[in-house]
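Before I ask anything, here is the structure I am working with.
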Amino acid sequence: MLDRLRSAARRVQGDRAVRALLGDCRRLLSARGEANSPAIAADIVGQIDRLGDDQRLSFFEHLAQDFGPDVQQVLDAAQAYAQAPTDPQRLLALTQAAEPPRQELFRRLNRTPGGTAAIVRLRRALLERLPKQAPLATVENDLLHLLSSWFNPGFLQMRKVDWNSPAQLLEQIIRHEAVHEVDGWDDLRRRLQPDRRCFAFFHPQLPDEPLIFVEVALVPEMAAQIAPLIDKKSQPLDPAQFKVAVFYSISNCQPGLRGVSLGNFLIKRVAEQLKRELPQLKTFCTLSPIPGLMAWLHKAKDTFTTLPAAAGESAAQALAALRKAAGDELASLGTGAGLGALPEAGHAALSTLAALYLVHASPTPKGDPVARFHLDNGARLERLNPRANLSAKGLKQSAGLMVNYLYDLQRIETCHDRFVHGRVVHSRAVAALL
Amino acid sequence: MLDRLRSAARRVQGDRAVRALLGDCRRLLSARGEANSPAIAADIVGQIDRLGDDQRLSFFEHLAQDFGPDVQQVLDAAQAYAQAPTDPQRLLALTQAAEPPRQELFRRLNRTPGGTAAIVRLRRALLERLPKQAPLATVENDLLHLLSSWFNPGFLQMRKVDWNSPAQLLEQIIRHEAVHEVDGWDDLRRRLQPDRRCFAFFHPQLPDEPLIFVEVALVPEMAAQIAPLIDKKSQPLDPAQFKVAVFYSISNCQPGLRGVSLGNFLIKRVAEQLKRELPQLKTFCTLSPIPGLMAWLHKAKDTFTTLPAAAGESAAQALAALRKAAGDELASLGTGAGLGALPEAGHAALSTLAALYLVHASPTPKGDPVARFHLDNGARLERLNPRANLSAKGLKQSAGLMVNYLYDLQRIETCHDRFVHGRVVHSRAVAALL
Amino acid sequence: MLDRLRSAARRVQGDRAVRALLGDCRRLLSARGEANSPAIAADIVGQIDRLGDDQRLSFFEHLAQDFGPDVQQVLDAAQAYAQAPTDPQRLLALTQAAEPPRQELFRRLNRTPGGTAAIVRLRRALLERLPKQAPLATVENDLLHLLSSWFNPGFLQMRKVDWNSPAQLLEQIIRHEAVHEVDGWDDLRRRLQPDRRCFAFFHPQLPDEPLIFVEVALVPEMAAQIAPLIDKKSQPLDPAQFKVAVFYSISNCQPGLRGVSLGNFLIKRVAEQLKRELPQLKTFCTLSPIPGLMAWLHKAKDTFTTLPAAAGESAAQALAALRKAAGDELASLGTGAGLGALPEAGHAALSTLAALYLVHASPTPKGDPVARFHLDNGARLERLNPRANLSAKGLKQSAGLMVNYLYDLQRIETCHDRFVHGRVVHSRAVAALL
Amino acid sequence: MLDRLRSAARRVQGDRAVRALLGDCRRLLSARGEANSPAIAADIVGQIDRLGDDQRLSFFEHLAQDFGPDVQQVLDAAQAYAQAPTDPQRLLALTQAAEPPRQELFRRLNRTPGGTAAIVRLRRALLERLPKQAPLATVENDLLHLLSSWFNPGFLQMRKVDWNSPAQLLEQIIRHEAVHEVDGWDDLRRRLQPDRRCFAFFHPQLPDEPLIFVEVALVPEMAAQIAPLIDKKSQPLDPAQFKVAVFYSISNCQPGLRGVSLGNFLIKRVAEQLKRELPQLKTFCTLSPIPGLMAWLHKAKDTFTTLPAAAGESAAQALAALRKAAGDELASLGTGAGLGALPEAGHAALSTLAALYLVHASPTPKGDPVARFHLDNGARLERLNPRANLSAKGLKQSAGLMVNYLYDLQRIETCHDRFVHGRVVHSRAVAALL
């Protein structure tokens, strides 16, 4: 009984907090607030940070409902524009009418120091809610639109991360590395030796927080295995032997920036910088996981049917060959059991299946996410490497198979264009597997 | 004949350059261009910088005509939205349809290092054309919209400018000072001594170029004359005597950012910083010119009729008194001739006229621009100072009269709000003049 | 046989290298070398770094024998000076004759970038040899003289070390911490939180290498136990509660600078800086080990006889009391066994013995080195803390006893002066123990 | 009468100040002062800066008389050393006895921030007194000895000075330029364009004060005239045409460092840096004044007799030829009058005289100071340029003649060695003049 009363009291108090916050948001948008907007914005940022989960949800709902375009104004402006599309005033009226007022609200929040960080945090909280709360998507669209403009690569600073970087930054690198976990400071130290590089994007408003970083190995030839690249006991290579730059890991650090294009720009800027510094580098490629492969195979009944007829047939044959070689037990490959004894024919079948998966599924939304990222960036599907990652994660995802995507800066525009039109540019070696 | 041929050839070549540039703009906006956009953007920036005047005009015209919203799409999206305003997809479709594609074009140009600077230069060139080319206003609106978002005060860095600043920066300060001309390096040096301060806004993308700067004098009481503040021979004041911070000059450095709100934010950030550093500062005010006063008086026949009846009558009386005191020769005051001999009654009449002008004309677009700037910022009209600026410019503009606007950080929101609603908040001293 | 030949060949080659090096040293000192000295110095630095151990010893021997003052010149100059001590030329001749030429050699080596670091390395190598090779002391004296002048505190930069410092610097802190070992990066991180501080001295010529660093805990009262200060799980304290700054560790990083006074200056500069930053700090003290206590007790028969009569008697009584309380087994205390069960009387006896040791033995060269360091710096012997350090090292050195030395900046000159004259200034609490 | 009393009172007060200062100096040197030396040093620095001229002189006299080596100690130590020169303790005792205690005093003064600057100021004041007060030379020797060690080129930082440097630094460059006066900021600006360079030495303890700077012109061939190099209206040269680096001005900024070798090291470090940056530079030379030429000619009767017989004869003939050509009026050349009409034969005679002067007089202390500086640095006398400097100063010093000294980094050691032994290395062109 008492509990219910308390909870009711809390709710009332929470409602009051949200109402006050919304009042200040309207004040910030008003003509009156204009004169004092950085101070009001600072105050609002503080209020938002103090909201409980329920209140924040309520705040999002109000942003969605109360800060959208006015229906009648939109209709009027659209018609006025249609009648005289060359009249600057009418176009201005249209764009202003169609822009949700919350965009201007967010822009004004950004006037206070710390505003940008607060908006990134806000979107992070919103994205956690989103799958359950579809109407909030409209707020999310506005945030993504603004953050894409503000985290434009022209505004980002690329910095080398090395052993001279501040410990607090390196700690974030350890925490955010999402592909090949960093096993403590010694491991990180090895990854920052002269034959390993790490670069990150930073935004002037978040100077101490990396947005995204990429790790690169400088090696004599295109890498076919991940273990040597991340072996913390390995000896640094002599720079005279650097021929190939292998991007072996790329990790986002800011969940609130999901969907803002960063990795694409980072990889290319790193490639350019390395080329300038080390003209002997001739090849820029990745050594990437295929996180969706085993799941795709396990659902072969469904997934194969989406392939073109000839490809579906090849897939079926390869799967049969793989089953035969692996003792009819696909799942075991995902644990590593049986992989040691898998005959060469089994690996060939596995590579063929991977090639079919990457070539045919990647252009669809259900394709392998890593493949989609690099192919959309304009990379070429270059080589499949069996037994490339024998860690538990690597076995589970793709029975140890990894893939090299090749970044040829002269061809990325063409490759990307093909990909946008549903075709995956690949090497002859991959073609031979199909 | 030959000349005409040559000029025709140049035109053809110019047309070709514009066509090529427009082609690249479309490519940058295309899906295909996405993969390589920083490189394409860099290329486009170079092309724009090489355009001749006529070609640039032609480019602007194409931006206005070819990169606007599609009329039918806008209408459809507006109606679809009106039918289901809570559907996020429909709102998204509407805002996308209503946003001119050239906005996205400018955002993508910004992906290359130097893109921001190029866009600022582009707008500068456009503003020079604008009065003659009204349809281009639509392009201008888009540029202003984007630049306001990117030069948001949250993204700007305020830096103190002093005698330790790089010479190349100080040289820009000398060049751009627009209110009280800097008479060489010695003059500047005096303006950067500890009892004079200078602060500027910078943008991370234009690190060596000040956007706007303000000059401040720290003095024992609210200044009534400009000469002592800019006397390059004067002795620096002991910090123990600092009581009042007088903003005596504010100058924009980037014509391409005209209309982007900067000065308002700069003055307030400077006031906050000075308050933190020197808690003994109790008053923050300006000593400002009244550039429109004499022109307004010279057109008294027209301008007085726009005043409220009582005010118009007061103005007429004051003008008569002034004429009497000044020997019926108003124009002479604007040259300084006669000002020396002007009896006290004449100065009182002049002050009354100025008070009427500032209080009644400022809220209208034709009001004094300096007054409109400070009053819109939320400052209060505090005091009129006769014989405050005896330079040729000061005499011409306002017969030597200057005005203090007071920034009371606790009241700027109220003052601004009043001003937006047509009323000028003023001190009792000013009220007494009315 | 072959081995002997090889070794002989190596020796010959080595002799040649030393001869070449000595030739270049003479060239650097010659008038001829003056014009090109930085280049010659750079060359010599390289040669020294390539010497083997035996060759380096041979080089040191030559420095000692061949680069000393000329006997006859010294005698002549001394007599000439004695005859006319006010003649500037004669004094100049004397100081030049008496200064070993190797000092000028070292000064010229210092003309090349990296020269300072090379000289510090040279002295480090020399100090390792020294105990066995007394005649080399003469070279050592010269190096110490020059390094004391060059690493003068006026030339040193004090920097705060914190979690924003470069990882490579923090790694050096971990490696060089000599008092309370740092247990990995997490431990270090805790020691760099706002209630723990770390400051180091740097020299402009060795910008990446700390020379010495001190660790400080900011706490509410004078610490009586070390464990809470270095507990890596502890919660940071609120700054409002900082009252006392406890210097709990000081470590040298450069063996080549042994004997150059650094710690004394560092502690005082840190105290001044903390006082400025945190005026609420009222007390600056240490929590220090007593590394010589148990060894002194174990040799009680010999060591007690060096005490003044009354003190010797007190010591004997206290030792008897301690033996009785500890079950006659002193050694066990040094291992922690028995310490748990030691009755209060035993701890009192131990404290009395420590007080006698610190007060009477410290002014002699055989006294406790930590005590001698702080007392010579002008600190006061303030408090003895039983059960303060229960680590194996703490038990072995002093049966867990630790001591606070108090730095009262107003009194350090007096305390130091007393200490120089053989007396240890101590608190009443310590006096009560004697 | 009253005046005399007042002056006596001032003297008594001054004496008291000097006595107090000397007391503190002794305290700083004492064992007691050791514990607190930075604070005592700071106090002494303050006292010294407040001394009046007479008091400072008195202070210097006491430093000379009271802080020198003890005669008996010196004799004893010298004899003890002579008896056992390999005993490290005896050598140590000797060097300590022979070193004036004021050296240690200055080293301890250096322990306070600002100590180095204070010692440089002290020496500056001393040098101003020196010619009149010979016994003070002994203090001067000690200061020079220490400052030479502390301003060792290994401790100096070379920085490029350009238009991005702080205005306060550039202001010092304008003030200290001693060879070709800088005519305001525009002139300086031209001298910092890409085809003109300026480099300065800085010491970490005086970070804002240049010690010495050199100005360099990058040109297509060895310059024969100064005017084009310092023409502030000239157009910057394209870097592709840089072939020769001409050091056309070198100026000291710190009178207190007179006699400390700086210029020699600066020129060579600049040459190395330019060579690295611009490998196309093949020649490094000066275009230097001959400040002593006309004075030498005017005293021909005396000066010619110091030349070797043959040279003396040549000089006499050339002088006769010059007189004939110049209309018997030598002095007029020094004012420019007559120089315009001087026939080629006159210029040839003038060049011959200059060559004789530079080759034969430079190795002696009375030689041309600029020549002595460059030749001692190891430069070669390369070319004489008539009509090279037509400014009043250039005409007065050398009738417009200037000289190129060539820095060939491979040969400076040889050239310097020859110069030390009395011979001036010169080019064939110069040989032809002799």
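Note that the chains are named A, B, C and D in the order they appear, and that numbering of residues resets to 1 at the start of each chain.
Please note the rule applied: a contact is a pair of C-beta atoms (placed from the backbone, for glycine too) under 8 Å apart; a residue touches a chain by one contact, two chains touch by 3 or more.
Since the structure is predicted, the reported quantities are computational estimates derived from the model, not experimental observations.
Novice: Would you mind naming the chains that touch chain C and likewise touch chain D?
Specialist: Intersection of chain C and chain D contact lists gives nothing.
Novice: Per the centroid of Cα atoms for each chain, what is the distance between chain A and chain B, given in Å?
Specialist: 41
Novice: With centres defined as the mean C-alpha position, give me the chain B-chain C separation in Å.
Specialist: Using C-alpha averages as centres, the distance is 63 Å.
Novice: Distance-wise, how many Å sit between the C-alpha centres of chain A and chain C, to the nearest whole number?
Specialist: Roughly 53 Å separates the two chain centres.
Novice: So what shape is it, when you link every pair of chains that touch: line, ring, star, complete or other?
Specialist: Here the contact pattern is a ring, one closed loop where every chain has two partners.
Novice: Check the chains against each other and report every pair that touches.
Specialist: A-B, A-C, B-D, C-D
Novice: Going by the contact rule at the top, pick out the chain C residues touching chain A in the complex.
Specialist: 163-168, 170-171, 184-185, 189
Novice: Considering only the defined contacts, which chain C positions touch chain D in the complex?
Specialist: 31-36, 38, 64-65, 68-69, 71-72, 74-75, 77-79, 81-82, 85-86, 88-89, 91-92, 94-95, 97-100, 107, 110-113, 115-116, 134-138, 140-141, 145-146, 148-150, 152-155, 157, 204-205, 264-265, 268-269, 376-378, 412-413, 415-417, 420
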